[in-house]
Amino acid sequence: MASLLVRYPSALRAHVTLVCSRTMASKTPVGFIGLGNMGNPMAKNLLKHGYPVIAYDVFPNACKEFQDSGAQLMESPADVAERADRIITMLPSSPNAVEVYTGQSGILKKVKKGSLLIDSSTIDPAMSKELAKAAEKMGAVFMDAPVSGGVGAARAGNLTFMVGGVEQEFAAAKELLTCMGSNVVYCGEVGTGQAAKICNNMLLAITMIGTAEAMNLGIRFGLTQAVAKILNMSSGRCWSSDTYNPVPGVMEGVPSANNYQGGFGTTLMTKDLGLAQYSATDTKTPIPLGSLSHQIYRIMCAKGYAQKDFSSVFQFLREEENL
Amino acid sequence: MASLLVRYPSALRAHVTLVCSRTMASKTPVGFIGLGNMGNPMAKNLLKHGYPVIAYDVFPNACKEFQDSGAQLMESPADVAERADRIITMLPSSPNAVEVYTGQSGILKKVKKGSLLIDSSTIDPAMSKELAKAAEKMGAVFMDAPVSGGVGAARAGNLTFMVGGVEQEFAAAKELLTCMGSNVVYCGEVGTGQAAKICNNMLLAITMIGTAEAMNLGIRFGLTQAVAKILNMSSGRCWSSDTYNPVPGVMEGVPSANNYQGGFGTTLMTKDLGLAQYSATDTKTPIPLGSLSHQIYRIMCAKGYAQKDFSSVFQFLREEENL
Amino acid sequence: MASLLVRYPSALRAHVTLVCSRTMASKTPVGFIGLGNMGNPMAKNLLKHGYPVIAYDVFPNACKEFQDSGAQLMESPADVAERADRIITMLPSSPNAVEVYTGQSGILKKVKKGSLLIDSSTIDPAMSKELAKAAEKMGAVFMDAPVSGGVGAARAGNLTFMVGGVEQEFAAAKELLTCMGSNVVYCGEVGTGQAAKICNNMLLAITMIGTAEAMNLGIRFGLTQAVAKILNMSSGRCWSSDTYNPVPGVMEGVPSANNYQGGFGTTLMTKDLGLAQYSATDTKTPIPLGSLSHQIYRIMCAKGYAQKDFSSVFQFLREEENL
Amino acid sequence: MASLLVRYPSALRAHVTLVCSRTMASKTPVGFIGLGNMGNPMAKNLLKHGYPVIAYDVFPNACKEFQDSGAQLMESPADVAERADRIITMLPSSPNAVEVYTGQSGILKKVKKGSLLIDSSTIDPAMSKELAKAAEKMGAVFMDAPVSGGVGAARAGNLTFMVGGVEQEFAAAKELLTCMGSNVVYCGEVGTGQAAKICNNMLLAITMIGTAEAMNLGIRFGLTQAVAKILNMSSGRCWSSDTYNPVPGVMEGVPSANNYQGGFGTTLMTKDLGLAQYSATDTKTPIPLGSLSHQIYRIMCAKGYAQKDFSSVFQFLREEENL
C-alpha cells in the first residue's frame, strides 16, 4: 500500500478514500475527450481492453464516428466528468486544453473529488502546471502524459507516454496508459512529461536535419549509400540515421521509402519546436541548434513540405541547383 | 587471386608484379611517417604485430622516443620510401601531407613502383585526390584511411579506419590497418575515406551540441537525470547521448565524468568542421546545422575550451547567468 | 477639432465629453507609474515642462527619491488613477504591467472614464492588446508607446516613442510624449508601437552582430580601421557601423570607447529578442538571423557580458585563441 | 615625386625607371582581359576616356562583340602583356585568374618589367597575394581592385573600387579606375581590396536578410509600410532598408519594385559569402550570422532564386503557409 502515501495537503481524507475507490474498481468507465487522428484509435484501444468509455469531441462528426464503436457520447466535457472519475484528454493545443478543462462546460465545472485527469495533449509545460493547480483546487489530480509514436503507434497500441505528476498516482495512470502504449515512463512532477517530450523532439529534429545534411554531403562526395552504413557504425549514429533514415533507398518501411507520406508531419514537428523555443526563452536556456532547427522547419512549412513527414528535410536540402 | 584484377591503365605490368611481391612478403618493413600523439601508438601496434618499422618524424624528439621501441629511424620521407614499399602517414594537416609526399625529400622522390601509400591524416578530400594522382604518376598506389577513436583507441588498437582508394588494394591495406584498429571500412574511390570521416564528424558535432541543449533544457525543467534515460529510449537517441553523454554524473568512463579531460579536443573537432565547411562550399551543399556547429566550436576555442573534450559544449552552454 | 472624430462604439457620448475636458486642461496632473532607471528621468522631464505629476512605484526607495523632485506620491496605481486622467506607465515586463493595470489595486480599479493610459513599457504586443481591451471595458483609452534611446536619451529628453492606438488620441499622447522625446511616431492600432519597437530592435541586434563580425574579419585580414571607413561608404553601411561602432578606437562617445559601459545592456537586448521570438513563433514568421541573434545574446548573458552594452558582442567574438 | 618612394627590394632600379615611363605616357594602350557582363562595359568606359584598349577574352563571341567598339583583340593574355604595360583583368573566379596570370600563355609569361596589373575579379585574398608574389618575381606590380555596384554601375561608370597593393602605385591605378568608377578607395597592402569587399558583402547579406525578416515580421503584425519608415528613422536603419528595400511597394527603382529582376544575383552573393566563409575559417574568425546567411542564400539558389536579385530573400521568407 505504498501508494497510499499522499502529499496533498488539502482534500487529504477525501483523496485517500477516493483513490482507494478508484483503484479497486478498475473497469469503471473512463472518460475520453478529443477523438481526432490520435484520440480516436487511443480510445478504441481502451474499449478493446474492456473499459467502458464516456466520450466527447467538439466536432459532431468525430463523435458520430466513435459512437459506432460502443462508447457513450456526452454533450460537454463537464458531462463526461460527471460520469467518469478517470478522464483522458487528447487535444491539439493549449487553448483547447484551457477550454476543455476550465471553460464554461469544462471538466472542472463538475469533476468529482479525487478524479484522475490525464492530459495526453502536447502543450506548454507551464500550462500543464496551471491546469494541475486548477484541478487541485477542485480536489482532482492532474497528470501530463504526452505521447510519442504517431498515428501508426496509436492504432497499434505502441505509443510511448512520458508521464508527469504525483508519483503515487503513476500506477493508476499506467493501468490505463498501457492499454494504448508499450512504453509508459514516469518523468517527475507535473509538467515534466511535457518537458521530456519537448526535449526529445527538439533533439530528434536536430539529429534528423543533421543526418540529412551529412547524407547529402556524403552523396555529393560520391559516397552514396556507403555513408549511411558508416554513420551507423560510428559515433554519428542516431535513431534518425539507423531507424528512420531520410534518404530514399537506404531503408524500407520508413517515410523516405514512400515519398515522405505518413509518419510525423513537418507542421507537427514545427509546433513542438515552437514549444521548445518558448520554454527555452522562458528559462533563459540557450538552444542555438534547436532554434535554427525550428526556423528550418518553419521555412519548410511554407515550401510545400507541411504535410510531408519531417524527414523530408533531406529533400528540402537536396534539390539541385540549375547551373 | 581475385585481387589481381587491376584497373590501372598505366604501369599495368609492373604494378601487377609488384602487387604480387608485396602481398606475398607481408612481414617486410612498413614505413611510418608522423610519430605524434596518434602516430606513435599506432606505429607501436605495428611493431607489436611483428612488422619491422622504418620511421621518420620532422621532430627529433618524436624520433628519439620512438627509436627505443625498436624501429629504424630515417632522415627523410624519401629515405623511408627507399626501404619500405608499404608506408603509413599520420600528419596534422594538408600542408604537412603535401610536404611529406611531394616535397624536396618527400616520399614520391624515391618511392618504388607499386608501393602502397596509406595516409591516415585527416585532410581535405580534394587534397587526397591530388596526392593520389601524384602517386599514380610515380607508379605507386595511394589510399586515404583517416581514423576515428582518438588517442585512447590508438593505444588500445581499437581505431576505426575509413578507407578510400582502388578496391583491389583494400585487402593489403586492411592487413596493416587491422593491427591498429578494430573496424576497417572500405568507402569507395580515393578521397571517400576522408569524406566519410568528415560526414561522420559533422553529424557527431551536431548530435553532441543537440544533446547538450536537450539535456540542459531538461535540467532547467527540473528533469535532471531522467532526461538522459528518456532520450535514450526514444527517438532522440544517439551515440552522444547513450555512449558519450556530456552531462557530468550521467555515465562513467567518459570525459564529462572527468572534467572533460582527454577524449577528442574542441580544437580538433573545430578543424574537422572547417574541412566539412570547405567541402560543403565547394560542392554547393547546404549544411545549416553543420555550419552553425562549426561556429559554436570556433567560439568555444577562444573561451578556454580549446583543450577540453568536445562534449564540454554542455558546460559552455550551461553556465548560469548572474541575475 | 478634427480630433473629435471618435470611433468607439461604446461609451461614445461620455467619451467625447471627456476627451474635450482632457484636451482643454492640459496642465492638469499627469500620473506616472514606474520610477526606475528610465521612469525617473522621464517623469522629471514632465515636471520640467510644468506638468504636476502624481506618481507611484512599488519600491519605496524609488518613491522617496522622486518625492524630492516635487511630485505627489500615492499608495497604489488605483490611487494615481483617481487623481489623474492621463497616466504614463514605465514597467520592466508583462507581469508588472498586468499587475499595475488589472491587479487588486490596479489602475483599472478606479480609472475615470475617458482617461488616457499610455504604456511605455516594452511588452508583448498581444499583452498590450489585452490591456487595451480591459481598459476599453472601463471606458478608458490605452495606447502602447514603447521607447528607444536608453537612459541617456531619457535624461536628455531625446527618446523615440513608437505609438500604437486609436489615431484620434495620438495628438493628446504626443503632447505629453514630446516632453520626454524628440521623435514621436504613430504606428497604427494598439500593439503596433510594441511591434515596431520589436522589429527595430531585432534588426538592430542583427546589424550589430553583423558589424562586429565584419569588423573582426577585416581586422584579421590586416585591414584595421580602414574597414569601418569602407563599410560606411558602401552597401554594408548601417547605424551600428556608422553611429555606434562596436570596435574600440573607431569612434568617440560610444560605449566601445568606454569599455562598453552605459548604453543599452545585453540583458535588455536579450529580453527584446525574446519578445521578437515569441511574436514570430505566434505568427509563424521565419526569423533565422533574428533567432540566432537571440541565442548569441543569450549565451553572452552567461559569459560576463550581461551588464555591458550590447555592442560588446565585438569583444565576445574577438577574444583570440591561445594556440 | 612622392610616388618615387619604392619599397620593392628586388628590381628596384628597373622599377623606378619604368614607373616614371609608365606615368608619363598615360594615354598609352591599356590591356583588358575578361570581356563579360562587367568587363565589357568597363573596357568601353576606358575607350570613352580616350585610352586605346588591347583586349582578350577566352570566348570568341565576347571578343567579336568588343572588336566593333574599336579595341584591338589579341590571341592570349601573354600577347596583351607584350603590348600594354597597364592591364586590367575582370574574371569570374580564382581558377580563371590563375590561368590568365600564370598559365601557359598567361600574362606573366611575357609581362614587361614594371607593368601595373590590376585585378578587379572577386577572388580569395590569399590567392591575390599569391598572384602578387608571382608578379613581383617577374618585376611587375599587382594590385587587387574588386568592384561593388553591379552591371548598372559598370555601364554608368559608377563602380566602387576597393584597392589593395603598394601605396605608391595607387595614383596610377586610380587614374585608370576613375574612368570606370566614382569611388576608388585605397585599402592597404595587396589582398586588402578583396578583404574589404568580402567584409562589406558579408555585412550587406546579413543586413538584407535582417531587413527582410524585420519587414516580414512587421507586416505580420499589421504594420505594413509603416515599419520601413520607422526602421529608417531608428537604430535599425541600414542601406538595405533605406536604399534597396526588399519589400515590393516600399520604394521605386530597386529590384523589389521590378519582380527582383536585374541587380545583384543570389548566385553572385552566394559566391561572395563562400569567399567570406573560406577566409573566416582560414583565420579562425567566428562569423555565426555570416555563416548562416551563406547557408540561407545557398538554399535559395536551389529554390528558383538563383537569378533573382539577392533582395528576393524577402520573397523566399514571405511565402505564406497553406493552413
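Chains here go by letter, A, B, C and D, matching the order in which they are written, and residues are numbered from 1 within each.
One rule holds in what follows: contacts are C-beta pairs under 8 Å (C-beta built on N, C-alpha and C of every residue); 3 or more make two chains touch, one makes a residue touch a chain.
Protein names from UniProt, one per chain: A, B, C, D = 3-hydroxyisobutyrate dehydrogenase.
Here the structure is a predicted model, which is why all the values come from computation and not from measurement.
Of the two chain pairs shown, B-C and A-C, the one joined by more C-beta contacts is A-C. Ranked by distance of CA centroids from subunit B, the top chain is C.
Between the CA-based centres of subunit A and subunit C the separation comes to 39 Å, rounded to the whole angstrom.
A straight line joining the Cα centres of subunit B and subunit C is 54 Å long. For subunit B, residues that reach two or more other chains under the stated contact definition are 284-288, 292, 296, 299, 301-302, 317, 321.
Residue ranges of subunit D in contact with subunit A, taken from their complex: 292, 299, 301-303, 306, 317, 319-322. The part of subunit D that touches subunit B in the complex is made up of residues 274, 277-278, 281, 284-288, 291-292, 294-296, 298-299, 301-302. On subunit D, the positions that touch subunit C within their shared complex are 125, 148, 160, 162, 183, 185, 187-189, 191-192, 195-196, 198-204, 206-207, 209-211, 213-218, 220-223, 226-227, 229-231, 233-241, 243-244, 276, 279-280, 283-290, 292-293, 296, 317, 321.
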